[in-house]
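Chains: A, B, C and D, in written order; residue numbering restarts at 1 for each.
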């Protein structure tokens, strides 16, 4: 459950307020030039403490490569990536030992495991994505060498578009002790035709699973997504010409296999459930209580989810790329 | 790629116009009463030829149980389910040997495999879902004995709601040589809290992958889905009371783990790409051509996708149910 | 548990006295010429009824290809292979409904599943290997096109070597209402250097698992096997010269990865547990009883295990071959 | 390839002379009391530098738990275990940058990956087993709470039995610049009947794969192993009485499923390939050369392989135990 991928497999570990977070990559081909300098920039994009729009938790998130790289090149052996947690403040979370935060995994983890690490959400914290992003950076580097580029943009936050409007909306929510959601679009260019598998291993199925596996994501669309439900087939089919497809309603995937067009994915991100405003909840004994969440939280996770979503798309694509390679020796 | 699930694993096989389609279930617990009578009704719900709204291909889809059941009970051994194809009319498809149908997998399969079974889409045909539904029926029976019930409804077709309006819309499209898409909602009641896993194995991630792995699905929502992007956290969080959650915006899943509430999933279904209206395309040599698709097609796949989507949700839930069981001996 | 392989995956199904046995292959590359004529000869080598040395059960074991082959070539889609059971005689086995046969899986299946198909061992019967051999034949054909040849020989039966001595030993055991074991050696020639993975995915680890997964096998050796325990390192290391290795004590595998030398595997096969001689046992209620096993049994399974062991080695090698291919595009 | 297990999955990482070695455990049930004190003793049993019989490399092998344990109990989250390498002396290995050591993985890794970490064998070093043993210690603790005990003994070294004779044999080999092999037996007591799966997932198949996946192992036997090849069925079958089985030739496994008897496994361990005596080899350019291996090596790996083999058996058994649990809720 903490492993993703079939060919390029990552296993992540670590809790928000434990000693460290990280990932082990298994299946990375040998011969890829790799150093911490390839990984740190993507980690820096997701790290908190960088502006008023995000959590003030000031983690430097310095990554260490523990294995799998020798004299600057990957060896084909597992690549262990480690990031120490430096600014744990578990005292901030003592109240959460017994209270379930609405919209969080507190209640369900307690039901499933009979216990939980209440400090900042433990494993269910967004801090878990450090491992994904560190591993994703390796995938992104590999893909870049194959001509595949991945990028993400914020489509909207709380219904607003445009950088200034979005920033204002986030700050307003923050000042109100509240939070806001949004929509993000991720695209991949340069993906060759033929990636993905029929039936259950469809490329879009893998992408949907990868994206919905990011905390806070509640919806996934490929290409035109829900809009296609209101269309005629004659409107929605992408005509094929000798110069390629005449449109891209399909978002670059047909029958679960990449068509060579740009792959387009959109995800719906819910407002951060940690808010200062008082909320109704219960404690682990079933008693009703009111909770006002303290600690260092993001009023909107949308900006920081971008490198995570890009990483997940990269992990799906490198996995499919390697899968396809074995049939085309 | 043709196997789904970790604990209750199904492997499907078969092409639209080959000798047979079917599935092998591995990991079904022993002692479940099972006969063809438990499977046939769900197959009948997805089979074509039943009304003017669906494809006239008249397959009886009689299922045979080849293994894994002894004296009326499952034995824990693999359950092989076979359905013979009876009304192949490959001559209908001779034109497709060289032409790529827009919106179909023809182009991408050819790119991936260097060849393809052009007869009715071969493996990319919706006929592949016979195996899913046959296996899904077994999962549905098992879950029912645990108090879990799954059902699906059509939310809208081409923007219309209401049975009469939907039927009129489908027939109008059919008469125009066109097709229409729609939205389907699947719910599961009686799911205990605690199913699903953290991180990559989140229950919603599994559901999203399962649903997007159904041909024609272009979007997946859990709970309120894309609507949450426009909300405040204080609106979107489901308050917890001693009588349970006060609302269900989350769709029954928190942190990737079932909360005990109803699980709610919506999917966007694209209009069937097979339409009689002429479309621009190319042949396998790259020459431009016009195509008008003959054969026995559905003007709207939405009604027949219901049992498929219910099956996929059942397959995810039985898998999670068994996964959870091992930690609660 | 009924699936073998990571890249070339086979799932087998069927019981000794159920309607059919078979296998589904997933992951076979497209473009391989394949017909029943490629599969039937290997099935014929394992089938019973061919001489006084083996079981008189006279199954023709005709294989049907249900999917995955189109116009004589594999398409990359799952290949379902079906063999109907034709000569079930379940009445022969009525006594076994309540008695546990010593040396058989009857007792352990009952313990594990709370039930079992007692007819000829059900799934634990050697008849299950029909699916392995049918799938193995496809692997053998693929490997042959890559220059890899697999063959097996009987090393000894009940301590005897030489065809005539072995046949006499088997017939003597049969006439005494008893059975005998033996040793089989399987070799693969033409395997390129580089197949197999470090650590848990070592080629010899995969082979050992594959061989010990054949019923009746109780020991596996690679290269010189147990003999190496009595050697000095200076005797056991294979010196390397510019013309290749000077010896092959290692059996073609170093550090879990093929060296390009011949791969050599030996397996110990126990005497068939089904014997006419009376044996002490208990029934399902715990009462002691004496059992004298009727039905159509092999006095020595060694001759019929050869095509099964060859198939298992082929399945390991094709899987490793495809795994390796993905890193050498 | 660096992951073992289906339910209790371990992923190991690290090279002999890299910064660290370790493992991530995924799927350990919550609520197990766990601290470094449960892991360190087994690591101490495998560590070098403890006597004249083993390598003088003096690693303390202090384990750190990075995640998955909260307030002394496992949480169900991945448990990352880290051991820093402290006494790397890569200069000892400079010669090996270009020379292939006979009997080692140097040649095959170079063939497979086109590169290799030559320092002490890199990933192919026995140092990789630190991760297995650290994870194995967790499995052993869990199993002990279920009444399952695992232990190993040296059967023979270079044909000698008895502690004094074995020690003399090892020291004699060491003084001669040579090495010796041996045989080890591992047993598990208290294993309930019903663990393991039919067909490919047989308990003995899993054990054989696990054992042959330990470097230096060239043969695996279950129960009486190769001896059964020379027996009659009437000798080899274990009669069943109302007090249990009357013998245990089968080694506690019937039809791939545990019978409740003691599980008995024997492995053949080859003499350490690293010897001071001069050997013929080639360099990476194909030129012939003589090699006399320096560095800190074990003249016999048999004593240190014991905790590794015990760990691997524990990992198989915990995996089967959890697998079985899910069908007996």
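We adopt the following convention: contacts are C-beta pairs under 8 Å (C-beta built on N, C-alpha and C of every residue); 3 or more make two chains touch, one makes a residue touch a chain.
Owing to the predicted nature of the structure, the values given are computational and were not obtained by experimental measurement.
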Inset, instruction - Fit chain B to chain C on CA atoms, both being copies of the same sequence, and give the resulting rotation angle in degrees, nearest 5. - result: 180
Inset, instruction - Between B-D and A-D, name the chain pair that shares the greater number of C-beta pairs in contact. - result: A-D
Inset, instruction - Return the chain whose centre of C-alpha atoms lies at maximal distance from the corresponding centre of chain C. - result: A
Inset, instruction - Could you grab the centroid distance between chain A and chain D? Build each centroid from C-alpha atoms only and quote it in angstrom. - result: 37
Inset, instruction - Could you put a whole-Å number on the gap between the CA centroids of chain B and chain D? - result: 44
Inset, instruction - Identify all positions of chain D at which a residue touches two or more other chains, and write them in rising order. - result: 1-3, 12, 30, 76-77, 112, 123, 198
Legend entry - chain A - residues contacting chain D, complex: 1-3, 9, 11-15, 18-22, 24, 26-27, 30-31, 64-68, 70, 73, 75-80, 82, 112-117, 122-123
Legend entry - chain A partner contacts - residues on chain B that touch it in the complex: 1-4, 12, 100, 102-109, 111-112, 123-124, 128, 156-159, 173, 178-183, 193-202, 204-213, 215, 218-242, 246, 250-251, 253-260, 268-275, 277, 279-282, 286-288, 324
Legend entry - Contacting residues of chain B [partner chain D, same complex]: 7, 29-30, 76-77, 198, 322-323, 325-329
